[in-house]
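Below, chain A partners chain B and then partners chain C, in two separate complexes.
And then the complex of A and B:
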């Protein structure tokens, strides 16, 4: 019989990992989900956030300063990528994919040049061991999970309840019409990239004390982010958050009963079935969102 | 070659030459001088060089190893050229990045043979790259020397043109250390390993060794590749085990941190393979939990772990300090337990070329080279084999050697045991010598 403490640990760990996953994917949910721009540098921007955090701690600056610097610098870089490269292609999908893939490689090599080939790590600024009944958990990781969830909900509210969301959608769906209505679409795209870059840069810095910092860490972040965004329903910030948390929880619970790799395969298979079923449902008008 | 003739005349001349050339070689290497085209001292310039192609993981996931493999290859070639080259000919190293990619690895092999017409290929570390490259080397009829630890060479997954003489393989390593683990740490073992070929080699070898020594692997926990969070798998670790055996699960700093939180102080003995923390400083935040735990090392990271004149010369030649870090950048820790394989492999090529009379990339010369290499059975410890003597099995194309077990004490690795070569022997029916060469 399954010990209760194992179930408790799986739930806590699943919720924490899921929340962090959703937070990392949030920027992609805006750029890809709402603005329909396939930004393959998303994972590398995450890596840069973590790298900035490492550099600042190495320079004897407090970790908290990285939480300010990383979103500013990475957000600025995302804006520059949009202004100087993607905007010139009119965000046309084919060219955007090629351009961002090239940038992905450049940023990855930049990471290799600065971090070196070996993994790096920094100490959490605080890390009390939290005792639950029957198991213990990292205090900083728990904090990062809760912070991620709060940040996700705030961004969701911000995008859905303010003018930002409709403006981003309008600029993506019919740029000519939006501009004829007086919307400066270039500025809207700039805001979208700034927001997405800042969020993923922040996520990189936030997770850097409990994940190893490595020049290749962006690959996994990109893959997971795409899975979460697609699973949550493209264009739905709330869906992305739910998908991230749900996926984390499902994977954690499945690992209690199944071999780890089988658990992962099962989780992703269920996610795929859900996406296909939702697509079929929406075609038949059964499933609306 | 008889092992009992301990340090052969070959090595004696090597030591004398080293005295004269050692510092120059190191200085030349550290100053970044071009070493490939440098003719051996006392030889006529313009003598046709022996060209050795080098498939190197400069980028991709293998980059931490690739950096050091390339440094060691350059240092070894520099030293070889200082002591007269190979059969009196200078050695030219032609290195190409394989991006730690199997597809690119096979392309690199093609380019090295077809564009550069290299005589031999110094191969890769990562198993998937070796598995993709070895068959192409066989098709192109060019000797390919893996420095990989994988079982693909000894278990017959490649071909007669592929060798692994400079580094021991996973089954040999595990077989050697398993006896010590079971006798000293306990017989109830759980293991955590990556869920791909490298991890499966560990799983299979340790399971076999457990059967032999009356131990029990009570839980096997394979970790999916690319995992970045491990706590969810720790609930599978039984509480009543003596030893938790762990190897290369990927995001090692996260793994150790989370393991520390989960197990706390009331933990079983931990035995790991250095692969997990190769090129990672033990002072890295999060690794404090490793204090008092054990690791396999092929060649001790800290100089006092195996302090011989040969090991010192090698360490000096490749620019590594007493604690296993780069002399010019102490924050950069070396891949010390793997990179010596590059050094030793290059000297095996030298020995085999000189004994076989190899001269040109022709059928007859390659036949003589390969048969000579297959007939070798010992590589004596010395400047050319600083990690220790090795038994070479010509049928398996694989070397067997000594292994080290170290404990983390005061934040450094301290050697507690060195295994005998015989401890690593295992049976396998593979026999490459039965395969036709052409």
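And then the complex of A and C:
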């Protein structure tokens, strides 16, 4: 029997979750998609954003202050990781994977030390219940979803329309040529990491009132972000946004009929098939990985 | 081309371990026995990474396929550990052939993400069927279903673990030495060094990659099965992503000789992790810090980066 009465809720929830997923993946779309750096710490940066938000609420500071502190601190950490580790070996892909995986484990342990093994939660600063026809929905989640979508579109426009996008691409594609044309590539990488880190830190703080804050939450965020970026087409921010929203909707609709783990297995498998098919269909040389 | 060690030379490690056995204290015996089993997994990973230059981030799925194949057979079907071992190895070979098709088709970061996705999906499947698999908690095998149980009249539990691990390690090291100096081994190295050249000479590189992936799967699965059958435990924790990444570190620490490196690497990392047990979850921290340190120590690892550096050109 089709649970049709839940369809409206599933669609709204899917769109909200999808927008949030796209927002979380946005930083990775810049660092991995455009700059070609396989940054495996992305998920942990998200966890840190949520953790900072929890810490500030614990310290009786207003939630809004977390929305300022998290992007600053997480952005700073991302810049530090870039400067002190990744820049040392010129973002060489093999070393980057090893180093960022190592950092992933270390940051995860930091999360465990501060948050403890049990999941934490904070209550949203405002939460009017919004009535739709047939179901009601959390006002804060709706706000977070809309805000995520707006932020994604703004960043997309900002990167595509300003000099930032071309600079990021130039620094990645031919560092020597970019430098000989007078572009300070280390500054470009710094801007990319600062932007990506503060975006994902903000996403962590924004989603913390309706997600469980747990030291292992980063891995899931990382896996989903990679899937979203790869599905959307590496290097295309618009594609990332579309893939995030689409995947959120798909997963939410699949959860109507299937258990959540089965729905997740299904999405992972579909993403896998898509990656392989896409790679096969692409002409050699058009896609650098 | 680097000269390959002879079988006698490469068996130094098992011989040392056999001679050292009577002199080791209890705790170290148990530790070394476990490391020997895990190093078989490390050899399995090395066949993939060092011999053909395929970097997978989903080997835990192969390890867990062996573990579940053997463990579930012994738990549900028949408590015969030696048949269970065969079932475990067979199931991971089967899975590795499926994943190997992926490895034949895509390369570089796509392969890493692909294997990561596949193993994560299988991990969730293991958790989903937790009435059968026991989920994160796992299953404890009954005595008669394990190798230690079968050898009980002859050897104590500790002796059985050590001896069986030592025999398995000896077989694997001898096999790897024969493979790496054989014609097939040279062909696998050629795939790693210049796939296109080998292809243009008329060799079918896809079959070679699939073959290497299956050998790698057989070894990873053997390691998982032996761990299940010697320690009477099967759990989803071994299917997790950390277990996919640990062999990468072991192989990198171990160095370029595929005959010795995988064992030495897993020995060093596990001894270090064992001494760091007092820290928070010392093991994880040691692996993390080790990875960062290795990435920064470029010069020592030129051989690995030559393998990894080819992604860019291969994917382009």
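Note that the second predicted complex is superposed on the first by the 252 of 289 C-alpha atoms of A that agree within 3 Å, B and C clash if a C-alpha of one lies under 4 Å from a C-alpha of the other, contacts with A are read in each partner's own complex, and residues count from 1 in each chain.
The rule is short, and it goes like this: a contact is a pair of C-beta atoms (placed from the backbone, for glycine too) under 8 Å apart; a residue touches a chain by one contact, two chains touch by 3 or more.
Since the structure is predicted, the reported quantities are computational estimates derived from the model, not experimental observations.
A.B. asks: Report for A:121: first if it touches chain B alone, second if chain C alone, otherwise both or neither.
C.D. replies: First partner only, chain B.
A.B. asks: With the two structures laid over each other on chain A, which partner does A:97 touch: chain B (first), chain C (second), both, or neither?
C.D. replies: A:97 sits against chain C, while chain B stays out of touch.
A.B. asks: Just to be sure I read the superposition right, which of the two partners does A:89 touch: chain B = first, chain C = second, or both, or neither?
C.D. replies: second
A.B. asks: With both complexes overlaid on chain A, does A:271 touch chain B (first), chain C (second), both or neither?
C.D. replies: Second partner only.
A.B. asks: By the touch definition at the top of the document, which applies to A:9: first (chain B), second (chain C), both, or neither?
C.D. replies: After superposition on chain A, A:9 lies in contact with chain B alone.
A.B. asks: Who does A:157 touch here: chain B (first), chain C (second), both, or neither?
C.D. replies: So A:157 meets neither chain B nor chain C here.
A.B. asks: According to the stated criteria, A:210 is in contact with first (chain B), second (chain C), both, or neither; which is it?
C.D. replies: It touches chain B, and chain C stays clear.
A.B. asks: Is A:64 in contact with chain B, with chain C, with both, or with neither (first, second, both, neither)?
C.D. replies: neither
A.B. asks: Quick check for you: in the superposed arrangement, does A:255 touch first (chain B), second (chain C), both or neither?
C.D. replies: A:255: touches chain B, not chain C.
A.B. asks: List the residues of chain A that touch chain B in one complex and chain C in the other.
C.D. replies: Residues 109, 112, 223, 259, 261, 264 of chain A touch both chain B and chain C.
A.B. asks: Going by the contact rule at the top, pick out the chain C residues touching chain A in the complex.
C.D. replies: 55, 102, 105-110, 112-114, 116-118, 120-121, 124-125, 127-128, 241-242, 245, 248, 252, 280-281, 284-285, 287-296, 298, 304-305, 307-309, 311-312, 315-316
A.B. asks: Using the touch definition from the top, list the residues of chain A that touch chain C in their complex.
C.D. replies: 38, 85, 88-89, 92-99, 101-106, 108-109, 112-113, 219, 223, 226-227, 230, 259, 261-262, 264-265, 268-269, 271-272, 275-276, 279-280, 284-285, 287-289
A.B. asks: So in the complex, which bits of chain A are touching chain B?
C.D. replies: Spelled out, the residues of chain A in touch with chain B are 3, 6, 9-10, 13-14, 17, 109, 112, 116-123, 129, 135-138, 209-212, 214-217, 220, 223, 251-252, 255-256, 259-261, 264.
A.B. asks: Which residues of chain B touch chain A in their complex?
C.D. replies: These residues of chain B touch chain A: 59-61, 63-67, 195, 221-224, 226-229, 231-233, 235-236, 251-254, 257-258, 261-262, 264, 279-280, 284-286, 332-333.
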